[in-house]
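Below you'll find a set of structures to go through.
Here come two complexes built around chain A, the first alongside chain B, the second alongside chain C.
Let's turn to the complex of A and B:
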């Protein structure tokens, strides 16, 4: 970048860090409103059943109970992210489809009363045969989980580009492998909690963790049959999302319903178990990958079939079924490729988007590439470099890649861990591996794809930015403050925010689809530039200068090159007020995508305006006695376009290595007893701790995307995925066996080592 | 999650506590640090009308040698005091190593006690779940029902003792002192455990564990503790092992090997331990044989109810025993001072 920035690109602490560290940040569970009731949900204790009878009369009679709701209290509206996936009633009337599904809810004066009331609700269920794996679900003779979906096939995404068969014929080497992975989960720091209240004007106010308040307000207005302007999702501190809060939660609706029926504010706090089972989790996958390469290891054809365990409802199904493939086709160059992705309903909790988008997919592709390279005598890094995406190219499904620093990421990460020196030369049980990936910066989200921002000045020269951008932990608020302070020459503390409130702020896609900086940051930047132009017009008259010659810095408007010809910013703002032309700013930005693109019916055209790319290299040591893995060092390199705040970006990289690599490949998975999740708590689901983490070298690569604000794209996601891939590849290198079921827990690693030893003995 | 209703009692002294225990018996629970009890109450795994706190019983907190040189650990001694006590170095390092692996520093520093750890209820993934999770199907045996989800057709509960401290105390040949209004009795640690998953302790409902007594420290004695988990902290053992060995005139004179995460008691593996007797501490084959036998015995007690695969936990029992015995022998031989520097 040729321009000298004051805040952009600088390591400045986040505006919200102090309140988070001191515990002063207010989350939904912390809210206390006068006359507030406690909400609790009655859940299904079977995995699949017809609802015969729900009798709430005893609960209603219990002293202290102010409202009880069931499917009878609803308008029967079905929720779905798409018109063609509307299959979920927030309080089902006919059937329950997984263990833990909502059946009824109560609001009472205190928690004990609410819990007692739950016990008094009589539920009669007629159990139906349940299916718990995609293969069983497809083979099942019914009853289907949803009548409209025969054989429980929920989504089929089919992509076929080029001539795959011909590509295989022309290949020097072809391999086919199948990889499987269990469900992974988010375990956000903050368990879900929601507060709802209706004011005396009949407006609904709601505080709930979200990845986009507007994404919650609209479905609420539909389900509650209220005009959108009466649904007010408010800003609140949020402790993580990771894809799990992209959609409306049944609890949002239930809480609103309870508040409406009781005419009092209601708070509903999830237990950790509910946060696991009733929010979302990652899909379990079975992925078969066939890849053909030429003698130099270049991919000539690839054919992938994937079965995803979708759980009981569609959720973001069409997107979730597509994204693993799309990430792969962005990262790897290839002309002939076929994909058949099937999302299958099972009687398990609903699966949604998650940071790694299916471990068995991404890791399978990379592990297979390693094996192909091995047969060809080409090392993994060279295999990646030969196939890596480059700027200016078009993906198989038709997205032009405007900026791409993937090659630089691969080279820098490999160099940091001394790949050339180490690969093939490490002592026994040590291994090194690499993974690469790419994610989108924004999806075609139709009318909700763009972000709008407004700026107003206070008479003392401070500003308030109004934007729909939400911060759910990644630092989006900080990003907005830095952008506005930069463009208006203000200190950071002079920028105030009104964000993530559906009454006060305009349309915004939310942090969903990694687009906050790209869309929201650009909109804020344009709003600030708009305001600055207005300021310059006023100042130019007073300074008798050309507006084009003015600069704004340190709360002063200067004539460029003459440091003593200036006006204080405050003065210009006040002049605007006196002259009847008060200064404000407006900006709007929508990423350029092909709006005809559709996940299932038309998966072709520009998917995102920009794509981020990442490469991770990991070095590990395996204990051959126990199968336990010690990760020695990780280099995580990502092309994030431009790092608006390198400190925040590096934090994202580190969190990504923890979630994708350390947790995602070593310890994190759900296991089941039928429909019951055996490890719904933090004790039993092994999210890594700080003490488990290896040394991480974050490497920021900047390709300066032409469309991004200051060149910025997305930060963190492609590290989460490539870290999982790097860990898998390094473990395979250390033990000389490729494990195909993820995560690679010590029991599997030891089994693989023993199998290899047996074979060697033969 | 919400605690159920109960009456909370804070006896001022031991006598008052014993009176309450005598009066309320099965309807009462003893609260030390509460880090196990309160979780189980929230999950409705214990139904109790009275909770008797030990917080004012100051004489239960402390580590003192008695007239015979034996070390007496008051049951309400916080875990952190065990870790830091100068009296518990040397021969007793197996215990301090174990206590350091309990939960995480906040549990060791602010809540957990050695008595609570000794009395940690046995665990099973089909049982240590919320009331809702367990609803909708018959209760298992530990939960007051008839069946077992961990092992089909099992006529008894196969939940496992995963107390790190108990495993180490077993290898150290501790003695457990219990007191009731009727008087005091002391049990060798192996008799303190019943081996029954449904009711793992030989404590009668009116009794309080007051003291854990350790044999007087000896020279050329070494102890150790090993624990297998997927995570560095906040993780119960998938399997654990502890060893206490005495070396005399270049031969192993005494050995006690214990395995946790297998049966309803920390398993004392007598036969395997005996294999070491008379052997040289350098005899790698003897150690390997002992470990293999210990592993086989422990494996027979295990069922698939703690996470990871059963086969893996079974295999690891032998590996951990081998590592524990090797470390205990090294400590016995080298003198524990040097062993301390090793770590």
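Let's turn to the complex of A and C:
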């Protein structure tokens, strides 16, 4: 990039960090409003039942209780991400479908009273047969979890491109393997908390962790039967999302209902257990992969069937069923490919999108490629390079990949860990492995639009940017500030933000699916350019220059090449005010995608305007006596398009290695007793700690996407996924056995080693 | 509900209050004193987001009863540095090194790091990693947090 930037591409500390290090940042649970009540939820203690009777009379009579709500207080509206998946009542009237589902809720003057009131609610349930695995659910003779879905099949995505059978016939080598993985979870720092109140104009105000305030306001408006313009989801500090804040939470609605009924503000804070069971979690997967390759290891045909344990409701089902496949079809060239993805209802908590989406899928594809390579005598890096996606190609389902630095990612990550020297030459119980992946940069597909931004000048030349982009902690606010400061020649502190508020800010697709920089960043950039052009028109007249010859830097508007001919920005802003043409800026951006594409009915066409690509290489050491894995070094290379702030991008890579690789492959999974999650807190769901983490080498690769702001795409998610694959591959290399059930906990590793020893003895 | 008297020093302020007997130190800080820097991330002493210093030692304020904090000197993130005060070198380093992402674990992480550097100004990387292993961060992979703590320790040496 030939342009010299002041902030873009620079390691600038985040503007929002100060309030976090002083404790001043306000998260939803920190809010305190006058006369505020405490909300609590009564939950189902069985996994599947008809609701016969809910008697709240005793709870209502308890002193200090101000409101009790059940399904009878609702309008019975069902939520679904798509029109065809509307199957979830926020407070069900007839039936509960998983252990922990909402049945009633109370608002009381304090927590102790609210908890006491919950005990006084009498619930009579008629238990129904429950199913807890996808295979049992499909084999069940009913009653179905949802009447409209026979055999509990929620979603079936079918993709068939090229001639798969012919591809297998022409293959030199064909392998079929099945990989499985248990549920994984977000464990974002902040447990869910929501505050709701109705103001004196009857407007609902809400503060809640979200990945898109506009995506919460709409379902709230529907369920509460109130106009969308009266639902005001406000900006609040958010303690992480990782996919787990993408949808409306039943508690958002319940809190609003309690606030409406009690006519007082209500705060509802989830316990850590509720945050696990009643938010979302990752799907458990059973993935069967059949791949055919030629003598050089090039994939000629691939056939994948995946059964996903979806839990009790559709949630983002059609998306969740598709994305693991789409990531792989983006990362790897494959001309003949068939995919059958089934999302199955079970009587378990609802599953949604997660940063490491489909770990058995991605790790399965990569581990199988390693084994195929082994049989052919081709090392894993060469296998990846031979099949890696390249810029200018089209994916099997018809997305043109306009920028792609995957080959460079593979080469740089491999070089950093000295792959060529180490592979095949490491001492016993040491191993090295690689994974590659690719992630979308937003996919509107009917449910989401573009992003819009406005800029207002203050008389001192400072600006306020108005944007719907939300920051979950990843640094979106910083991204917006850097973009606007760069385009308007302002110091960072002169850029103020009004963001993520459904009353004040325009529509935005939300921060999930890695779209914020691409859509929101582009919109902010265009708004700043619009404002700058207006400033230049005014300044050009005063400076007797051509607007095209002006530049804006350090709060001054210069005639290019003449450092003495300038006007202070403040003066030009005031001139605009006096001349009756005040300066403002407007920008909007919607990624170019094929809007005819639909997840189930038409999975063909441009999915996303841009795709990120990542390659991770990990070196591990396995203790054959304990099954413990020590990770020695990790190189994480991602083509993020362009790093608007390399320090922030590195932080995303490092966090991705922790969640995707270290946690995702070694320790993280849920275990169950029927439909009851037995490890809903960090006591028994083991997330990585500081002492566990290996040295990470973040490697930024820049392919400069033609559509991204400054060439930027997304940062981190293709590392989270490829890190899991790299860990899996490295462990297999270390122990000489391919484990097919994830995560690879010590018991499985010991079992695999023992099995290998027994076979060797034979 | 039975209330008990509790007197303690919080960030140099004398505090004399009556609180329900079952309240934790975290309840006192957040509900009564409106110091919401300490966070409740798990409520069972695993995540470390509620860490504050009690007489210089890091404690889980969610597992510490208010009654146990009687007579103690309590330091929270609000007393470490901020509006009207200079920032602690740790706070400064967290900002500069990009150690803050969502920021929910940050106050607890800072207090644990503060206790470490107070007792061991020249802590090694391994000591830093072990010291903060009771504080869970889900965003950063800890790399930049460790870097920031080491940076602050080097600065306080000079």
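By our rule, the second predicted complex is superposed on the first by the 760 of 762 C-alpha atoms of A that agree within 3 Å, B and C clash if a C-alpha of one lies under 4 Å from a C-alpha of the other, contacts with A are read in each partner's own complex, and residues count from 1 in each chain.
Here is the rule we use: a residue touches a chain if its C-beta (ideal position, glycine included) is under 8 Å from a C-beta of that chain, and two chains touch if they have at least 3 such contacts.
Here the structure is a predicted model, which is why all the values come from computation and not from measurement.
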(message) Comparing chain B against chain C, which has contacts with more of the residues in chain A?
(response) C
(message) Per the contact definition in the header, classify A:112: touching chain B only (first), chain C only (second), both, or neither.
(response) both
(message) Looking at A:473, would you say it contacts chain B, chain C, both, or neither? Reply first, second, both or neither.
(response) second
(request) State whether A:240 touches chain B only (first), chain C only (second), both chains, or neither. (result) second
(request) Kindly classify A:655 by the partners it touches after superposition: chain B alone (first), chain C alone (second), both, or neither? (result) second
(request) With the two complexes superposed on chain A, say which partner A:177 touches: chain B (first), chain C (second), both, or neither. (result) neither
(request) Identify the partner contact of A:549: answer first if only chain B is touched, second if only chain C is, both if each is, neither if none is. (result) neither
(message) A:271 in the overlay: touching chain B, chain C, both, or neither? Say first, second, both or neither.
(response) both
(request) Could you look at A:626 and tell me whether it touches chain B, chain C, both or neither (first, second, both, neither)? (result) first
(message) Just to be sure I read the superposition right, which of the two partners does A:689 touch: chain B = first, chain C = second, or both, or neither?
(response) both
(request) For chain A, give the residues common to its interface with chain B and its interface with chain C. (result) 112, 271, 682-683, 688-689, 691
(message) Could you list, by residue number, the parts of chain B that touch chain A in their complex?
(response) 1-2, 5, 104, 125-126, 129-130, 132-133, 135-137, 149, 228, 230-236, 307-309, 311-312, 315-316, 319, 323
(request) Spell out the part of chain A that touches chain C in their complex, as residue ranges. (result) 11, 13-14, 16-27, 29-30, 32, 112, 186-191, 237-240, 242, 269, 271-272, 472-475, 647-648, 650-651, 654-659, 662, 681-683, 687-691, 693, 696
(message) With touch defined as at the start, can you tell me which chain C residues reach chain A in the complex?
(response) 1, 20, 30, 34-44, 46-47, 49, 76-78, 80-83, 87, 91, 94-98, 100-107, 110, 126, 128-130, 132-146
(request) Within their complex, state which residues of chain A touch chain B. (result) 43, 45-46, 99-100, 111-112, 115, 271, 273, 625-627, 666-667, 671, 673, 676, 678-680, 682-684, 686, 688-689, 691-692, 745-747, 750-751
